[in-house]
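What follows is chain A paired twice: with chain B in the first complex and chain C in the second.
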Partner chain A sequence: MLHLLRHPILRRLVQAFFVAFLLMVFAFLLIRLIPGDPAMILLGDTATEADLIAYRKLLGIDGSLLEQFGRYVFNLARGDFGISIRSREPILSIVKKRLPVSLWLTATTIIMTVALALPLGVVAALCRRTWFGHAFQIGASLLVATPVFFSGLVLVLLFAVQTDLAPIAGYRPGFPGNLYSLWLPALTINCVLTPVLARILQSSIIETTDEEFVEAAIIRGTQGWRFYWRYLLRPSLAPTVAALGYFAATVVSYSVIIEIIFNLPGVGMTLVDAVRNRDYPLVQGIVFLSGLLVVSLTFMADLVNGWLDPRAKIR
Partner chain B sequence: MTGGLRVWRQLNAESRWGLAILLSILALSIFVPLLSPNDPYGFVDLPLQAPSTAFPFGTDHLGRDLLVRVFAAARLDIALAILGVSVPIALGTFIGTLAGTTRNRLAETVWDGLVNALTAFPEIILVLGIVAMVGADIRGLLIAIWISRWAQYARIARAKSLALREAEFVQAAHVLGYSRLRILSRHIMPNVFSEAIAYALSDFIFIIVIIGGLSFLGLGVRPPTPEWGAMLAEGRLYLRTEPWLILCPGFFLSLTAIGVALLARGLERISKGEEA
Partner chain C sequence: MQPLLEIKDLDISFRKGGGRLLPVIDAANLHLNQRQAVGIVGESGSGKTMLCRALIGTLPRHGAAITSGTIRFDDQELAGAPERVWRSIRGREIGYIPQSSLAGLNPVLTVETQLVESITAVQSQSRQQARQKAVALLERVRIPRAEQVLKARAHQLSGGMRQRVMIAAAIAQAPKLLIADEPTTALDVTIQREILTLITQLRQELGMALILVSHDLGVIEEVCDSVMVMYAGASVEAGPVGVLSTSPRHPYTRALRVSRVDRAVPGTDLEAIPGDAASVGSWPAGCRFWPRCSLADNACRRDPQPALMPIGLQLSACIHADRMFELEE
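Showing the complex of A and B:
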């Protein structure tokens, strides 16, 4: 059994499962972090003892800690994430209802990031000593440091208030009509993501240029697209793809703020509402699910990474 | 003063710009609320006035002087961010050094998983989760930042102390028979700290964004307390007609973050030994 662990992909898988298990423990402990009795906080001082007991049962905080954990794991295994104490709806069905908006936002963002960062990074690497290279450096530092909730408002001011290229807020479902309400939010997140990714790509292309196989290709007379793709871009893509995997966490993070600014009814907005309403089980469920999403995306990025660049050993 | 001048001469252009920006914002945040006759909380004139000589940033929807509020907010935001950074540095460095100097295999495996799990959570979501439980106010926000940010420092400290425990001066301290605690606190920790501080600058930007972001969502600093994110949330309702209500606080919030970023990049280049 143990010799199987030597296989890098399997080892990564086991690690991912271990991390997922710990995420579960964290999510479990989250409700237990509340100072005082959550049932008392939610119901107030006037609640009767019977109400309190019923509420504790609803929150899954009755019985010993070990018992609670056992029940929690058992329910998760059945796909039962608990019930929202506000709407009394199963958490999984709430998330399922809100997830499409968030996924569309994430997909639009990532596609836009790749579309913008790829040419920018390549040009910035090839013209790094010209005015463009310097402007890129300065512009990138300024953009990365600007908080998304400010750049988002400025973009709304520019594109939705001054012109009507985008709605000020709101979401209309259905592809491709939803892109009209998604491109500005996606652009906002890209104010941070694109410069970071372009910079990673730029520096890895610069590193690749110094490799011997590039020199050999030049000496052999390789030219044109074949040269750029095979000898410059493809070997430089691995760190970029890895970064894209880690960006998933950043996108999920930022989309919380973005969904509020642009009034998109996604998972992020649900989370903020849940925090405002003290809907503890819903908060717990979303925190766990988003952690799980990030772990699996990171794992997939690692796989793609190994395929793109055979030099990169999966750790 | 001469010491300050000497430091200034050693800096490169980037870090000088960063430092200059930060020092001016700091000075403004101290002197503007001090010298202005207007109270950041009090009504001064007609609401929603455009910027003028009397009110350089205009007035907000409750007729308060936006200039005073922006710089009163600067004071609060910078103070909160410093508080938010310093506890994770100390906590993370201590835990990381402990983990780095132990030689227990099981502890190492559990440790790796723990830190990976904590860093696998999308940051804002973890902070939101903790704020939901502890309370949506300044206290809750700080606790959430402390809980969620120490892991990176622990990671840095562990890597550094793993290298340090083989260093000659640490071996020498062992031979001299010093206690483990003394070696940890007098010989290893000081060396680990220098690296943690370098990371702290970039973390500072992130924390200022988190404080602003959560207050923007109405889950951190609450109105009427002047705070950049909360001011942006209030001003957002007047985006169409009175855009300066978001442009003024947003500009100084971004400028602060940019100042720190420039300083961090400049210092990083100096430590790498690059020319200015």
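Showing the complex of A and C:
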């Protein structure tokens, strides 16, 4: 049994499970660190002490922390995430309703990041000594320094108010119609992600350019797309892909702000409401599930890197 | 006989910002006949590698350019030749084993992909044909189990193996001239010998001329017919290997010879050349070697870097070439 753990991918999976468990513990403890009692919030100021105690029991938040945690883990192991304190709706069904919006937002954003950052990084590396290179440096720094709630509003003004290219707010489900409401929020997040990723790619390509194997390929007579893909891009992609896995994770946290600006009914908005209401099970459920999403995204980035660069195969 | 390669008074400079030029090679001269092997020796920073890059047209990539002089190769002028001409020369007429060529293999590609490239770059052919040629090339550089090595990537091969693969790629088109820039520096001594033997054998089999760059006079004596010594971007002495090692006519060549490890007397300190090598951008006025030379007088400090002058069987750029006996052994 133990020798199986020596397989790198399996070992990485076990690590991922461990991270997921830690995440569950954190989610459980953090929400309880915030002052405020869900029973008090729900029943209001007029409730008596006896009412509160009875209600806490009903909500399943009575007893010591350890008892509560034990119950939580036991239920989770059976796939039961509990029910929302506020709406009495099962957590899973809430997440099922809200998660697709967030997943679509994440996917659109990441695809957009790749589509923008790859060509931008390559061109910025090849033209680093021309006016484009300098403009890129300045533009990238400016964009990264701009907070998303500001760039988001500017983009809404440009594309939704002045023109009709996107809705001002709201979401229409169903592919591909939903892209109409998603492209602007995705672009907003990309104001931060694209410049950073393009810079990472630019500097790794510049580094690769000095490698002896590039010179060797030129002397061999390798030209055209073959040269650019095999000798400049592919050996330079590892840091970019790793960053992309990490970025996918940041999108999940950006989406909280973005969903509020663009009024998208995703998990981000639900999470903010849940924290405000001290909806313990809902917060736990969302943090844990989006955490799992992040863990699996970084895992996927590792797999892609293993394919791109055999030296980087998961160890 | 028509020489294969004739480099005359070649000057190369780095292009700095604002149109400034930083000379890295000033007055390099080299003469090479068909099938001949010449060694270029010098300390690091003497311009050996830049000279090689000038011969394969990759100076612009390294921010440098030829400012004057000529490179005559096989009746073609290569100094200032356009990229189109270089494409017909590189790999086909002039093969090249780059410096630190252990890093010369792309880590993400298999040996096969890269060898096939050097075969198909010149004439397109089926994958199968190219593959067979790749196997033949690997066998040519004495690699056992060629089929397996084809599937390997750089990190799965030993240093000697990687060097052999680099040589295989360089000779794929049976070039007239093979340039090897420090081909054995990163290898251990037994592998060094194997690689040098291999290069010598291939040179005879394919009738190639060879330029072997090294900072080790011993390596050059073993493989080459003649040698050109570089110091601070200039050719300071040239001639047949045996003559230069027994009766050098430039104090620098003499110093190189005395400081050789294999001549050291056990139990005594290793002889080192006094002073620091003149580095690019801070060459002294006059003969560039004078600060480290015990023969130096006012003329050496005052007059510009002397040109190569014939003396006996060799060429020397020392105005005191006839006073070598004054230097103590």
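The criterion applied here is as follows: the second predicted complex is superposed on the first by the 272 of 315 C-alpha atoms of A that agree within 3 Å, B and C clash if a C-alpha of one lies under 4 Å from a C-alpha of the other, contacts with A are read in each partner's own complex, and residues count from 1 in each chain.
Please note the rule applied: a contact is a pair of C-beta atoms (placed from the backbone, for glycine too) under 8 Å apart; a residue touches a chain by one contact, two chains touch by 3 or more.
Since the model is a prediction, treat every value here as computed from it, not as a measurement.
Enquirer: If chain A is used to align the two complexes, do chain B and chain C fit next to each other or clash?
Expert: fit
Enquirer: Just to be sure I read the superposition right, which of the two partners does A:Phe26 touch: chain B = first, chain C = second, or both, or neither?
Expert: First partner only.
Enquirer: Would you sort A:Arg230 into first (chain B), second (chain C), both or neither based on which partner it touches?
Expert: A:Arg230: touches chain C, not chain B.
Enquirer: Name the contact category of A:Ser141: first (chain B only), second (chain C only), both, or neither.
Expert: First partner only.
Enquirer: Kindly classify A:Ser203 by the partners it touches after superposition: chain B alone (first), chain C alone (second), both, or neither?
Expert: A:Ser203 contacts neither chain B nor chain C.
Enquirer: Which holds for A:Asn263: it touches chain B only (first), chain C only (second), both, or neither?
Expert: Touch status of A:Asn263: no partner.
Enquirer: In the superposed arrangement, does A:Val156 touch chain B (first), chain C (second), both or neither?
Expert: In the superposition, A:Val156 contacts chain B only.
Enquirer: In this superposed model, does chain C or chain B come into contact with more residues of chain A?
Expert: Chain A has more residues touched by B than by the other partner.
Enquirer: Identify the partner contact of A:Ser296: answer first if only chain B is touched, second if only chain C is, both if each is, neither if none is.
Expert: neither
Enquirer: Using only C-alpha atoms, work out how near chain B sits to chain C after the chain A superposition, in angstrom.
Expert: Minimum C-alpha separation, chain B to chain C: 14 Å.
Enquirer: Please name which positions on chain C make contact with chain A in the complex.
Expert: Contact set of chain C toward chain A: 56, 58, 61, 87, 90-92, 96, 98-101, 103-109, 113-114, 117-118, 121-122, 153, 155, 166, 169, 172.
Enquirer: If you look only at chain B, which of its residues touch chain A in the complex?
Expert: Touch list, chain B to chain A: 113-114, 116-118, 120-126, 128-134, 136, 205, 208-209, 212-213, 216-219, 229, 232, 236, 239-240, 243, 246-247, 250, 253-254, 257-258, 260-262, 265.
Enquirer: So in the complex, the part of chain A that touches chain C is made up of which residues?
Expert: Residue list for chain A touching chain C: 211-213, 215-223, 226, 230-231, 234-235, 308-311.
Enquirer: Quick one: in the complex, what on chain A touches chain B?
Expert: Per the touch definition, chain A meets chain B at residues 15, 18-19, 22-23, 26-27, 30-31, 33-35, 141-142, 144-150, 153-154, 156-157, 161, 168, 249-250, 252-254, 256-257, 260-261, 271-272, 274-276, 278, 280, 283-284, 286-287, 290-291, 294-295, 298.
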